[in-house]
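Listed below are the structures to be examined.
Shared chain: chain A. Partners: chain B in the first complex, chain C in the second.
And then the complex of A and B:
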């Protein structure tokens, strides 16, 4: 997490940081897809373990696990409780309390879904924490993603904390003029209007200044572009990408045949 | 640097199309200085002829809505390519017609630095280095050259050490230097800086002006817009003064300012340009045969040109013949000049903050200050604002306030200090937006930790620096009604308060205007007026003179004086030390969250000046000038200095 409360890139010198963003993207996606295809608990836990292991190898394990736990805790309650009570798969009751029955099949399904989700969340957080955004967009541009799309991606990463900070300033200013933001529905509606209007106008003014500055720095120029960072993909990484793709295909094929 | 470039304006008139405007500039198609409907049809530039040779440092100044930003936008091609309107005449850069070139093409010749330090960044860079590299990537610079060139540009603006920092963590001054490095990367011959320091503290401002000067020495053509003529005039080769869209003056700064000063004396000027105090002082000395040479733009020039020995001997002769009074006694009464000599010696003899504090409590204790507000109703009443051993540590771990104790009950208190010294944190404590992490803050006896902000807003109105964080209603009048309506005043009283606030803020003529059709200076005054209309016993104004021209500063000064005389407490959070010296009864200097000086302006300026300047407080020009001329250490304004001159 950074100071704004958002989970962001954490610079470090680790083997996971050193991987090309594309390699991480392919391997991460493969790991999540394989998790979906694996039937038993053993495979599921191995993939989750691999995801967690990569986070720790990347030196971001603690923050990834902490954030993943924060994200997954409410989902865990929902998944296990809802599936346990309302998915009577196999019709084997585990316990009954008055009108409520906890079904073994539902409970297992809830836990499986949770492990799959946990793998996805850990992989995604590890990717974010170990992948420099600018290197990611450079790699994507070299794979054919338009420059403007990559700019929008990078700018959007900063937009939310910027708007959050601006909203805080506006709320402070309006409260200082007697606006009550803790009252009933009418007060809250008034507060919303007093917040939304300057927020929107301020964002538009900022966008105007930014677009002028970008234009003056050649944003719309038509000539060839270059990039500050070189994102290399050594042969070993290309092999790893191929291995990941084959792994997904083999697992999927095995599931279909089985 | 690319080819040296001439700038040519020939008969340039530009009128914005209706609805096209920029809220971050001083120029508005529908906002003249008066802001009246009649003026909305006035072009932003009218028949401007001007030629600038390559390598010239051009200072551009003038009142709000004079056309300064539009002039700059013509250089970068923003006018007419981005801002739609009718352009007559011809603008060319190095022989290239601006309307015939794209903004991107012109960007390789003209680097443009905006007023807002943050909004002009790409918003897509995670490090300072990436920000500078952005333009280089866009023009196809070979990869191996990008980083060295970006680092070289950062080195030229003095922030190479920050290359790996997140731009969001830089100060305003560092951000402006980053913006300059970013445009330097494209190797332009011309740098246009449109009010680049209006949102910076004195240290950041000085750094940006010094950088502009060094770029000029390196051969760049500099076009710098600023109201800060104390810093601009000594550095510029030429000074352009715009007014109502016309180029009013175009000559070397000394000649221009002398002409404006003379026109002002003859009541032929609207007084919307702040003449450096040294010029007025030099002129007064010259009239007395004590100054030789060109009128001075700096205190150093004043010192060199003045026959100080003759001035001192005149002083001594008059003193011995009984003609002269003491400097303090001869000063105008409303400037607290009657600090007795004993007091002066007492203060100068103990150059510690504590001594200033001891002289300052209770506030407004300066016995000579005829403008002092009435004391609180009864000595038994709690002070309006009572800060007791307050400290504040943010969740990030930053210690913003350290054991601050202040008591404020009336008059005008100015809080000074560097950015990051804790001024805004302290201001937010004064209406409960923040509560101390240790210690207490009481407003009219009520602990702020136990009262909602909406309740405390009845006692303390707080106006923030950026009016755009505050204004949201369709017209100026409806904006002013918001606060008093929230406080529950009846309709008649709201009407009365709004009328008073409109009148004192000089906004009556624009009461029905959309606030976003006004220039930034007027929007700033709308924000102040909207807080004044709440009729709170205390008003806290954060950088009230920011973005104001000379007449705007004068109006804000009147507002402060009106509040004081009405018995309201005014707390100024400001970098404008000259304004504070003129209007405040008491200065509180913060450094690293702690109070390092607290007392009447004279006592503070006469205490440890080095410590005060380290805390980001620039000693006013008049105070420094009086000091080098031997006219005392406690002069606060040019008027007071001239008055002492008359009696010396």
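And then the complex of A and C:
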């Protein structure tokens, strides 16, 4: 976390940071897919454990776990309450509170889903915290993703904190002119238009300069490009990627046959 | 200096004419000028930052499709689809990874709204409500399967109370989630479509992208009811 309240890259010198972004993407996605396909509790706890371990090896464990907890808390409440009360799987009542019955099967199902989601959230946050966006897009371009598309991703990431700061200034400015932000619902929707239009117009104004600057640098030009950065991908990482893909295929095949 | 100057005399409703005249590929190519590549990140960022205004004003809706619909109106379906793709990926990276599985929804919103915008569906309030309902339908049809299979029927928002209500009154999980989205989505998406039109309408002519579709230029009788919203 930084001053803007967004979760972002945390520079550090760890083995996870050093991996190629593509390797992290492939292995992370494989781990999540395998988790979704696993039947029992043992396997689920192993994959969650692997995800948390990689966060701590990457030196971002504490912030990943803290953010994962805030992301998962509302889902946990929903899963435990909805499934615990309304999914009578196996029809084994755990407790009865007045008209409400807590079902054991539902509770187990809710907790299972929570562990799967926790694995996904921890993997995703670890990836974000240990991968600089610039390295990610460079690696993806090397793998054949068009430059324009990766420009959109990078530019969006950079524009969000920028527009967020602008949004704060617009809110202050409009309130100082008497904008009512606490009136009835219609007033507040009207206030939304009064806040969002200057935000869009301001962004469009700077977009003009930006597209001129890009055009001057040959953005729409054809032909081969050279790159400022290179992302190395040692053979060992290629092997790791292949291993992850095979792992997913084996798990999926085993689930289909079993 | 305005957009139209450096686009070298491109017809203002270019995407409309190419979509009807040329092939689909020509339409896509015509949509992706340098200006378009610059506008897409704006749509993405506005979708993410809209949540800041929604919280500040304590609005009871999500408005997460706002940026995608704005690009649908200002550029066209393919640019809006790309905006939709990155809205959930960027929100997933910066705010909350649980947005990522819902990525196909925003792509579909962009394609549908952009297609409709090019065909004049943002010209009157009545039609804009239609756009909102189409987007809501896509959200229900694509969102409910993701909510049930990936998230066990839970969203981690106030909507879960609605799902709980349907479960408590005897629905199965699938029925409860679809019931919840039928209650929540049309309201959210119709309001999003109307707000996107009102915001796009307020962009001064000189800053309006050359690809922009006509917005609220034939507002009919319904406009009286929405006049109070225009501010």
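Throughout what follows, the second predicted complex is superposed on the first by the 254 of 258 C-alpha atoms of A that agree within 3 Å, B and C clash if a C-alpha of one lies under 4 Å from a C-alpha of the other, contacts with A are read in each partner's own complex, and residues count from 1 in each chain.
In the analysis below, contacts are C-beta pairs under 8 Å (C-beta built on N, C-alpha and C of every residue); 3 or more make two chains touch, one makes a residue touch a chain.
Every value quoted in this text rests on a predicted model; they were computed, and no experiment measured them.
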Q) Looking at the overlay, does A:215 come into contact with chain B only (first), chain C only (second), both, or neither? A) both
Q: Based on the superposed arrangement, let me know which partner A:194 touches: chain B (first), chain C (second), both, or neither?
A: both
Q: Between chain B and chain C, pick out the one touching the greater number of residues of chain A.
A: C
Q: Could you say whether A:226 touches chain B, chain C, both of them, or neither, answering first, second, both or neither?
A: first
Q) Looking at the overlay, does A:162 come into contact with chain B only (first), chain C only (second), both, or neither? A) both
Q: Would you sort A:178 into first (chain B), second (chain C), both or neither based on which partner it touches?
A: first
Q.
Is A:121 touching anything from chain B or chain C once the two structures are fitted on A? First, second, both or neither.
A. second
Q) Can A:83 be said to touch chain B (first), chain C (second), both, or neither? A) second
Q: Could you look at A:91 and tell me whether it touches chain B, chain C, both or neither (first, second, both, neither)?
A: neither
Q: State which residues of chain A lie in both footprints, the one left by chain B and the one left by chain C.
A: 151, 155, 157, 159, 162, 181-182, 193-194, 197, 201, 205, 208, 210, 212, 214-215, 219-220
**Q.** Residue ranges of chain B touching chain A (in the complex, touch as defined)
**A.** 22-24, 76, 78, 82, 102-104, 106-108, 110-112, 114, 116, 119-126, 129-130, 133-143, 146-147, 150, 168, 179, 182-183, 186, 396, 428, 431, 433, 452-454, 457-458, 460-464, 466, 468-472, 482-483, 486-487, 516, 530-531, 534
Q: Quick one: which bits of chain C touch chain A in the complex? Just the residue numbers, please.
A: 1-3, 6, 32-35, 37-42, 44-46, 48-50, 52-54, 56-60, 63, 66, 70, 82, 86, 89-90, 92-98, 100, 150-157, 160, 163-164, 167-168, 173, 176, 191, 195, 198-200, 202-204, 207-209, 228-231
**Q.** Touching residues on chain A, where the partner in the complex is chain C
**A.** 6-8, 36, 71, 74-75, 77-79, 81-83, 85-87, 109-110, 113, 117, 120-121, 124-125, 128, 148-149, 151-153, 155-157, 159-160, 162-164, 167-168, 171, 181-182, 185-186, 188-197, 199-201, 203-205, 207-208, 210-212, 214-215, 219-220
Q) For chain A, which residues are in contact with chain B within the complex? A) 3, 9, 132-134, 151, 154-155, 157-159, 161-162, 166, 169-170, 172-182, 193-194, 197-198, 201-202, 205-206, 208-210, 212-221, 223-228, 230
